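This report concerns only the one structure given below.
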Amino acid sequence: MLNKTAEIISNLVVASGVYKMTLSSRELAHDSQPGQFLHIRVNPGNDPLLRRPISVHAVEDEDKISLLYGTIGRGTRLLSKKKSGEEIDVLGPLGHGFDLSEKPDRAVLVAGGMGAAPLFFVAQRLKGLVKESKLLIGAKTKEGLLSVSDFKEIGCDVWQTTEDGSAGRRGYITDLFEQALLDQTIGGSIRVYACGPKEMMARTATIAGIYNVPCEVSLEEKMACGLGACLSCVVDTIDGLKRVCKEGPVFRSDEIKW
Amino acid sequence: MARMAVDVAGIRLKNPVMNASGTFNIREADGLIDIKRLGAYIPKSITLHERTGNPVPRICETSSGMLNSIGLENKGVAAFIDQELPFLARAGVPVIVSIAGETIDEFAETVAKLGEAKHAQKTVKAVEINVSCPNIDRGGVQFGSQPEMAALVTAEIKLVSSFPIIVKLTPNTGVFVEAAVAVEEAGADAISLINTIFGMSIDIMTRKPKIGRGYGGLSGPAVKPIAVKMVYDVSRAVNIPVIGIGGIMNAGDAIEFLLAGATAVQVGTANFVDPGIMMKIISGISDHLEKTGCEDVREIIGKVEL
Amino acid sequence: MARMAVDVAGIRLKNPVMNASGTFNIREADGLIDIKRLGAYIPKSITLHERTGNPVPRICETSSGMLNSIGLENKGVAAFIDQELPFLARAGVPVIVSIAGETIDEFAETVAKLGEAKHAQKTVKAVEINVSCPNIDRGGVQFGSQPEMAALVTAEIKLVSSFPIIVKLTPNTGVFVEAAVAVEEAGADAISLINTIFGMSIDIMTRKPKIGRGYGGLSGPAVKPIAVKMVYDVSRAVNIPVIGIGGIMNAGDAIEFLLAGATAVQVGTANFVDPGIMMKIISGISDHLEKTGCEDVREIIGKVEL
Amino acid sequence: MLNKTAEIISNLVVASGVYKMTLSSRELAHDSQPGQFLHIRVNPGNDPLLRRPISVHAVEDEDKISLLYGTIGRGTRLLSKKKSGEEIDVLGPLGHGFDLSEKPDRAVLVAGGMGAAPLFFVAQRLKGLVKESKLLIGAKTKEGLLSVSDFKEIGCDVWQTTEDGSAGRRGYITDLFEQALLDQTIGGSIRVYACGPKEMMARTATIAGIYNVPCEVSLEEKMACGLGACLSCVVDTIDGLKRVCKEGPVFRSDEIKW
């Protein structure tokens, strides 16, 4: 069953306008794959009407998962008001996640802003299975660099940029990405896992293409059903239109017509 | 248990609940609903040729509703016949195929092609003619809002096809009753309404419409009172069955449409909120009949007391 | 502070925000809003003779909206001139008088009577012609949904009156753009839209409509996307100012209408939810202009970027 | 100012489907008159959209008032979920209440179902100022007889009926009302204050008319504005249509065209 209610264990602010919600669900903890998302009903009435897609951020243990979300508008603000002990109605896990069947020697995670959310789950799963996990994370300001200590804690090597220079290098994370690929002194295979704003994903795809490293990107699109039924969420690919909620949200970067 | 079967366009449905075209895909419904319990299943509208649809964003949320401008993305009738019909033939649910087009010829040709297909006569119980899509440049609403055009499409399709014909009307006109009467005279076997209502939302910071195409069609509970009124008006003006659509979120809403005069209902936007909702609506109608002492769902059709 | 004044139908309003007819009564507004801050005030529609209106219940709630069928209860133009005009003359706000009627003669006679009244020329800045009330048996929507009729009413009123004329159009028609163009040609000085949309709600337990008259007019945030689209279409088709109405609940909604092409807006149902809302909308628009670097509200009118 | 936010002190179930909510507001406690109501916004979103009218049930002390309400539909159910400490948005006190300027020797309160709600406030105000307060209260079943112990506590003589006979006399409270007027052995002036379903109010008015005792009734009508602006809530009177929210909810019973 995709449709479930899950109890909220905690729902805490972790950065300005960013919350981490932990849900109790053995099924979700068992079934979720990195890159997949939950489609969440934020309240029982008709306004707001639609569900909100939020990625699985981490599997906390065998019966807990967590979400990391920013309060953007009405829906996520309502979500942030939920208290522990309340139940929420979720559909999921949905969509096609990152392909972790082939483990690289070196994993490069490229995160922009809230893009850190699903990538932490990737890092969790790759931990111990790859020689190195490097997180390249960029944000507008220092406050936007999310979950950095969590990534470090599970052994990721973290490189940071901010647009205002308040932490890490000043600039865009894609600049650092190019440098990371250029600088590569250690050998071995590389795979790139990326999530962030569309322009950043496009740039990441281009760079990965130039250096010829396999790269997957997680995309966002406005969604109604989340199940592949309504055709709201399409993205143009070399094989025609695909649904972000079903064939995505994670796509091979060379598949997308940017 | 009250009897739930109704007859629409010459088809006997085991209950009056089906999905609205474009809002539910039984290929993706596995584990969410028991398809065999549906009164009927209607796939997304198909056209003669493949269509890629409109630019994203294709939807946006509004107060108790949503706008969409999918733009009839579909692979065309030939692909439908090849790839979908065999699957639908085994699905165990009566199938009503929704057809859209930009010209009368296109409509007629699409229905004709469907009629010639191998599994079609057995699997397809009726055809729903979508002369009311607000999201395409030609055809669509333009047909549905002119009674003569709607009648002409209906008559032409009747000529080339033996399928029972359901004409899906648009709310974007003041002359929907006239359109209903005209398509009845032209041979329609049933009428369904409403399709979506033209709407627009603007992001005040970017100043851009929230829908890629600029505007879209409004659906969801926001439009329910408008739809109930139209179903009421139309069901009193025609002698063929009317299928009520628009903002049905629960069994109570479905019953409201039946009382207003609908013989059956279609559930659209609600599927996005709760993909299991159609099952709950079927049970809910049955419970309501039981509770109010009705033995047959047909006892309540059109029974609003003015 | 950005400049907020706009010109509508030859009147200069200090800001683009007024109430919608029938939804706010400044006699009952004491302590709730500062009347003098309103762009204009529009009393409930008046008719030639007294009307007692429709049976209760006259309203019911719907998802993000409400139905009403007040039925133009009012004491008639003579009582309005005697009892209201003197009060309005001292209220310190530009007054736009809304007029309704069942026949063209009735409309014209009512406006003529108003024109002859003592305080009228000074107090009444314009007349809004309500050819769009869904809650009366004759006149109302019937006029507004036929472009020729709407034009005829407008022309006749122009003959007997020197007031600037705002024609309030109905959304219950597919030909609202045609109606707008027709009334412009007939001499209208501005257009306002939308009035309410026909709707019906049924209590499934009693099987009775929730509105005494059977049906009513839908208003509130549910209809906003429909109204924004209509305002967008009409403002592109005519050269006179358009006043946007429909589901405005806050400053952002008002700005959406301005971007779509409205020169001013009217706030209706929102007054029932928050009787102080019009003040907040005025400040909110001003704040938004400031924040987005606009010096004059007119900079944003029609500036949606397709 | 009519528009205020008030803090919820408590919101407790007092009978099956009936809640008592206490609000902190010196202004409301000071300004409210028996029979007046508050127009309450049950939630901040657009669905449900309209306010809900609820009578002032009691002034608890100089800065507290209470409401007594049944959970009928969506709005009152949402209201019943509010927790102490939350704020709610109310308009009020609104409308024209009971006329307590002339005190009778004997006050007769006629309550049907939830009609007990505003009458308790009447009884509070008349306490000590009249020789006798008699509460005639009727309901379908015993559970529907609300606030009876509260009325007794402030010295009311309580007569009860239930339709199923589960408490008090079996039958309608209007039967008892007629008997109360017939039986009258003590002398002095009488005034009747009534609140209940429309048919019961009509019957009460007829009986009061026969016995020629002054009688006021509190009426209900569906309301949008609550302020006299929208003309939703009219009732036909001998002087033409009047607004329940403004000229009412309390009317002289001989004024109404029943």
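Going by the order they are written in, the chains are A, B, C and D; count residues from 1 in each one.
Heads up, the rule we're going with is that a contact is a pair of C-beta atoms (placed from the backbone, for glycine too) under 8 Å apart; a residue touches a chain by one contact, two chains touch by 3 or more.
Every value quoted in this text rests on a predicted model; they were computed, and no experiment measured them.
Among the remaining chains, those touching chain B and also chain C are A, D. Chain D has its Cα centroid 48 Å from the Cα centroid of chain B. Centre-to-centre separation between chain A and chain D, using Cα means, comes to 56 Å. With each centre defined as the average position of its C-alpha atoms, the distance from chain C to chain D rounds to 36 Å.
Across the assembly, chain D contributes 46-48 as residues in contact with two or more other chains. Multi-chain contact residues, meaning those touching two or more other chains, occur in chain C at positions 63-65, 220-222, 249. Viewed as a contact network, the protein chains are fully connected, with every chain touching every other. Residues 63-64, 221 of chain B touch chain D in their complex. Against chain D, in their complex, chain C makes its touches with residues 22-25, 27-29, 31-32, 44, 52-53, 56-61, 63-66, 68, 70, 73, 220-222, 249, 269, 271-276. Interface residues of chain A, counted against chain D in their complex, comprise 43, 45-48. Put simply, chain C touches chain B in their complex at residues 62-65, 67, 145, 172-175, 197-202, 204-209, 214-215, 218, 220-226, 228-230, 232, 247, 249, 252, 255-256, 259-260, 288, 292, 300, 303-306. Of all residues in chain A, only 46-47 touch chain C in the complex they form.
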